[in-house]
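In C-alpha cells below, several structures.
In the two complexes that follow, chain A is the common piece, with chain B as its partner first and chain C second.
Right, the complex of A and B next:
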C-alpha cells in the first residue's frame, strides 16, 4: 500500500475518492438526513442551507440525500455489470484461447459482432429493446462489456498456453478444463481485476448517460444521470439542482479511473522497474 | 480498450451537456453594414418557438392545439370570438347572420370577393362542400353534425351564391357561438379538394394526404416552406380579403420553430430571437414576466388538465380510482409545483363555464389515509404497479405524474411514468387500441369549442361510438347514465333541468364512477414580447393565435 501511494500522488487522491464513494454507497441510506424520494412540495427549489445541505429539487426532495442514495445505485450497477461481463467474457475468451481452431474462430467472430457497434449506441439499442429500467440497463451494459473481457482473457490464455508449466501439465495428461481452472484462471485474474477497476468509472458514466437519455433508471430513482436530466430546466434559476449530482458523477468517475490507472502502473513490471 | 475512451467521452458529453449551454437555434448576427435592413426584416417577421411541431395542416383531421395554431394562419370560418369574449362572436367569412323566430334556422349572408389561395371563389356552395367534407371525415365534424341534426346535405341549404340557410332541426340559439370555434369550422377550397381527391372502391380519401402537407384556405397566410418537426414558414396571402393596409405593422412572414428544450425557448425569448413562446417551466415563466419585457395572461383558461383513468385491471373498481384521486396533493401541485399559475381542479369541466358545478359539488381532498382504506376495501395488493403515459414537451403532464407517483407511493402503489412524443401519444389516445392495451392512466387536457356543457362533456366522457361521440375519450370511459344525461343536455333548454343534469354529471364523474383526476385549471403558458400587440388572450383559443390581428408596435 505504501509503495502504491508513493508511486504517484494521484493514487492517494484516487483512494480517498473511491473510499468516499464506497462509504456513501454502503452507509448513505443511514446517513441521509431526509428521505431521498419523499416530496415536500412547499420546500421546492430551496438553495443549500443548514436544513438542506445541497438544496432541494423541483419537488422539494433533499438533493444531499438523493446524491448519497445515488452512490449506492451507481456502485451496485457497476458491480453487477462487471461481474456478469467478466464471467461471460472470461469463459468465452478462455475457451476460445484454449481450444483454438474453429471454436476460436466462431467465438471471436461473435465477439467482433458486439465490438463492431459503438458501446453507447449498442447499450442504448439493447435498453430500448428490453425496456427502460435499471435492470435492463445492467443487462445492456453487460452485453457491451463482455466482449472486451473475452478478448483480454483469450489473449492471456493463448500466451499462457506457451508457458512451460502449462505444457508440462498437458504432458502429464491434465484435461483442458482442469488446466483452465487450476492454472490459467488464477494467473489471469489479477489482470482482469485491474481492468475491472479501470472499467468501474466507465460503467458508472454509461449508466448515467443512459438514465440521462431516459433509457436507464426511471423516476423517482435518485440516479445521478436522471437527476441531471431533471435539473436541466433549472440551469439558470436553481443551478444547485445540477451541480451536486454532476459533481458526484465527475468525482466518482475520476476516482475509479485514477485508481485503475494507478493499479495498472503499479502492477506493470516494466513501469515498476523504470521507476526503480 | 482504447476506443472506450472515445465512447466515454461521448457519454460524458451527453451527461455533462446538462451543464452546458442548451442547443439554441440562433439567428446569425448580421454584419454591421446591413444591420438596419436586417433589423427591419426581423421586425416584419414573427418568430414562434414552440415545444412541438406536428404538421398535419388538414383542418378536418388534426386535433391538437399545436396543429390548430397552424390552421388559424391558413383557414377561416364563418365567425370568430370577439376579442377575449367567450359569449360574443364577430363575422369573418359571414357578413351577417339572422335567425328565424324560433331560432331553429339561421340565414348566413356570406362575404363577397373572397378567394381561396388556389384561386377558387368562396361562396355558399364552397362552404357546404367544405363542411360536408368535415363531417364525412368524421374526426372534427361534431359541431356541424350537431347543428345540422346529422344531415349536412339537406340542412345546409344554398339559397343563392352568397346566402346559406342553416337548418338545425331544433332551436339552436347558440349556433353562431358554436361556429366561433377554430376546431371543425374552417373551410377548405373545393377546387383543391376536387383536384386532389382520390376515390378507391367508391370511397373518397377526401384529399387528406394532400391537405396534410398543403393548404388552400382563405386565411391571411400561405405556406412558404415546411420542414416537418423542424420549422414552418408562412408568408402573407397577397389576395387576402381584409387587405394588408398600412394601419398596423402586420407581419410579412411567420416562422414557427420546433424547440423542444424549455431552457432554449427561454433563451430565444430573452435574446429576442423569438417573439412568442410556450414557457413550460414555472420558474422561467415567472422570471421572464418579472423582466417586464413580456406579456402573459393571469386568467385561467377554459381548460382542465386531467389524469384520465382507463377502466381496466384494478381500475375497474371505482373505489380504486377514488383512492388514487384522494392520493393526489391538489393544493401542493397547483400552488407549489405550478407556482400558483394553475388553480386546483374543482370540476370535470372548467369552473368558468356557464354549466360549472364547482365547489357546490363533491370535491376531493388530499387524504392518503382515506386512500389506503379504500384500496384495502377494494382488495388491491400492496406494490401493485400502474402506468401513466403522457406527451412530451409540455412539462405539466410530467409534473402531474411525478406528484401522483409520490402520492401513490405513500399508499403502497407503484406508478411507472411513460413519456411519448406528441404524435405517438395522440396515436394511442385517439387511436383504436382496445382498452386492455392502453396505459392505466394518461395525462391529458381538454378545452371546449365554445362555452357549452354538451360541447365539452360529449367528446371527453361520452362512450366512444360511430356517431362521433367520445372523440377525446382516449381512455374509453363509458357510463350509460352519463351518456343519457349528455344526450338529454343536447336539446334541453329549461335552466332548472339543465342544472340538475350538470349536478348529476358532476357527481358521477367526480365520485361515483370517476373518469379522471381533475387536476388543475391552468392559465396560458404563452409569453409574447411586449412589442407584439393584438393578442386578445381569449380563454377558449388555447395556445393559438389570430395571426392577422398580431402586429409589431
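Right, the complex of A and C next:
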C-alpha cells in the first residue's frame, strides 16, 4: 500500500476519490438529508442553500440527496456489467486459447464482429432492441465489454500453455478443464482485475451516456446521466441542476481511471524496473 | 507482395462487413419480441402493424427473413424512417456532411493539441509539465462529453456571450452552395467570407467538446511512443554526436514516434462517432449523431439500426485502411 502511494502522487488522489464514491454507494441512501425521489413542488428550482446544499430540481427534489444516491446506481451497474463481461469473456477466451484450431478461429471471429462496432453505438442498438431500462443497459454494456476480456484471456492462456508447469500438468494426464480451473485461472486473474479497474470508469461513463440519451435508467431514478438530461432545460436559469451531477460523474470516472492507471503501473514489473 | 497483402486484408474486410450485417439482422429482427411493432413505431395502429408484418415477410422463417434483409441491404435499402418519412439511407446522406465536418475539425484540433503535449511530456519525463499533462489527459477521458457541452453552453453563450447556442449557422445566414457539404470549406471556395467566419464560429464549441477524449488518447500514445523511441540506440548515437537535446527530440525522436500515433487515428473514428451522438444532440449540430439521438428518443427503429450498420461499416473500413497503410509503410507487419 505504501509503495503504491509513493509511486505517484496521483495514486493517493485516486484512492480518496474511489473511497468517497464507494462510501456514497453503500451509505448514501441513509445519509441523504432528503428523499432522492419525493417531489416537493413548493421548493422547485431553489439555488444551493443551507437546507438544500446543491439546490433543488424542477420537481423540488434535493439535488445533494439525488447525487449521493446516484453513486449506488453507477457502482452497481459497473460491478454487474464487468462481472458478466469478465465471466463470458474469460470462458470464451480461455476455451479458444486452450483448444486452438477451428474452435479458436470461430470464437475469435465472433469477438471481431462485436469489436467492429463503436461501443456506444452498439450499446444503444442493443438497448433499443431489448427495451429501455437499466437492466437492459447492463446487458447491452456487458455485450460491448466481453470481447475485450475474451481477447485478453485468450492471449494469457496461450502464453501460459507454453510454460513448464502447464506442460507438466498435461504430461500427468490432467484434462483441459482441470488445467484451466486449477492452474490457469489463478494466474490470469490479477491481469483481468487490473483490466477491470481500468474499465470501471468507462462503464460508469457509458451508463450515464445511455441514460442521458433516454435508453438507460428511467425517471424518477436518481441516475447522474438522467439528471443531466433533465437539467438541459434549466442550463441558464438553474445551472446547479447540471453542475453537481456532472461533477459527481466526472470525479467518479476520474477516480477509477487514476486507480486503474496506478494499479497497472504498480503491477507491471517492466515499468517498475524502468522507474528504478 | 504488397498486392497480396492488400488483397488479403480486403477479403478479411469483406468477411467482417458480412458479419456486421448479420449482427445487425439479429439485433433488428431476432432480439426484439415484435419487430413489426418497433418498425411501425409506437403510434401505429394494430392493423398497420399487421400489414407491415405481412409486407416485410416477418412471418416467414428466420432464413427467409435473412435472405430478404440482405437483399434489401445490397440495394441500399435500410428501410424507411417513420419520423422523417424518408428512406434511412437518404437521411444519412443528408446529415453526413455536417458530422464529417465536425469530426474532421475535432480530429485536427486533437492532433494540434495532443501531439505537442505528448512530446513535451516524454522529453521532460517526470517534470511538473509531465505530471500536469498526464493528469489532464486522464481528466480528458474522464469528462462526460455531454456535461462538457452543457458547461460550454452555459459559459460560452449565457455567461460570456461569445459563442452561439447551437446549429451550424446563425439564423438568417444562408448556407453556401453545396460543393463538399462542409460549410466552412464551401464558403471558402466560393469566397463568402462572412459565411465562412459564421460557420467557423459555430464549429468551435462542438469541435472542442468532441475533441476532449481524443486529445487525451493522443497525449498518452505520443508520450508512450516517444519514451519508447528515446531508448533506442540511434537516439543515443545522435546525442553522442553532440546534437542538442531539443534537436534530437524534434528531428529524430518525434518523426519516428509519429508512426504508431498516426495509426491509432483509425481507432479514434469510433470514439468520435460515439461522441458525436452526445455532442450533436446537445449542441443541435444537424448531423448523423443528432439524427440518431432523435431516432433513439422517438423509438425510430429503422433509423437506429441503419445508423448502427453504417457507423460500424465506416469504423471497420477506417481501421482496415489504416491497417493497409501501416502494412505498406512497415513490411514486417505484412506477415501477420
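Here is the rule we use: the second predicted complex is superposed on the first by the 276 of 276 C-alpha atoms of A that agree within 3 Å, B and C clash if a C-alpha of one lies under 4 Å from a C-alpha of the other, contacts with A are read in each partner's own complex, and residues count from 1 in each chain.
Criterion: a contact is a pair of C-beta atoms (placed from the backbone, for glycine too) under 8 Å apart; a residue touches a chain by one contact, two chains touch by 3 or more.
All figures in this text were calculated on a predicted structure; none of them were measured in a lab.
Engineer: Looking at A:38 after the superposition, I want to know if it touches chain B, chain C, both of them or none. Which is it: first, second, both, neither?
Structural biologist: First partner only, chain B.
Engineer: For A:236 in the superposed arrangement: first (chain B), second (chain C), both or neither?
Structural biologist: both
Engineer: Based on the superposed arrangement, let me know which partner A:213 touches: chain B (first), chain C (second), both, or neither?
Structural biologist: In the superposed model, A:213 contacts both chain B and chain C.
Engineer: Touch test for A:146: chain B only (first), chain C only (second), both, or neither?
Structural biologist: neither
Engineer: Check the residue A:54 against both partner chains and state whether it touches chain B (first), chain C (second), both, or neither.
Structural biologist: After superposition on chain A, A:54 lies in contact with neither partner.
Engineer: Just checking: does A:246 make contact with chain B only, chain C only, both, or neither of them? Give me first, second, both or neither.
Structural biologist: It touches chain B and chain C both.
Engineer: Should A:225 be classified as contacting the first partner (chain B), the second (chain C), both, or neither?
Structural biologist: Both chain B and chain C are touched by A:225.
Engineer: May I ask you to decide whether A:195 touches chain B, chain C, both, or neither, giving the answer as first, second, both or neither?
Structural biologist: first
Engineer: Quick one: is A:118 in contact with chain B, with chain C, with both, or with neither? Answer first, second, both or neither.
Structural biologist: Both partners, chain B and chain C.
Engineer: With the touch criterion stated at the top, can you tell me which chain A residues are shared between the chain B interface and the chain C interface?
Structural biologist: Residues common to the chain A contacts of chain C and of chain B are 118-120, 201, 205, 208-209, 212-214, 225, 228-229, 231-232, 235-236, 242, 246, 249-250, 253, listed in rising order.
Engineer: State the interface residues of chain B toward chain A in the complex, per the touch definition above.
Structural biologist: Residues of chain B touching chain A: 1, 3-4, 7-8, 10-12, 14-16, 18-19, 22, 261-263, 266, 281, 283-284, 287, 329, 332-333, 336-337, 395, 399, 402-403, 405-406, 409, 416-417, 419.
Engineer: Across the complex, what residues on chain A touch chain B?
Structural biologist: Going by the criterion above, the answer is residues 37-39, 41-42, 44-45, 58-60, 118-120, 148, 195, 198-199, 201-202, 205-206, 208-209, 212-214, 218-220, 225, 228-229, 231-238, 242, 246, 249-250, 253.
Engineer: Where on chain A is chain C touching in the complex?
Structural biologist: 9-10, 109, 112-114, 116-122, 124-126, 128-130, 201, 205, 208-209, 212-215, 225, 228-229, 231-232, 235-236, 239, 242-243, 246, 249-250, 253-254, 257-258, 261
Engineer: For chain C, which residues count as touching chain A in their complex?
Structural biologist: Against chain A, chain C makes touches at 15-16, 19-20, 22-24, 27-28, 31-32, 38, 131, 134-135, 138-139, 141-147, 150-151, 153-154, 158, 269-271, 273-274, 277-278, 281-282, 292-293, 296-297, 299, 301, 304-305, 307-308, 311-312, 315-316.
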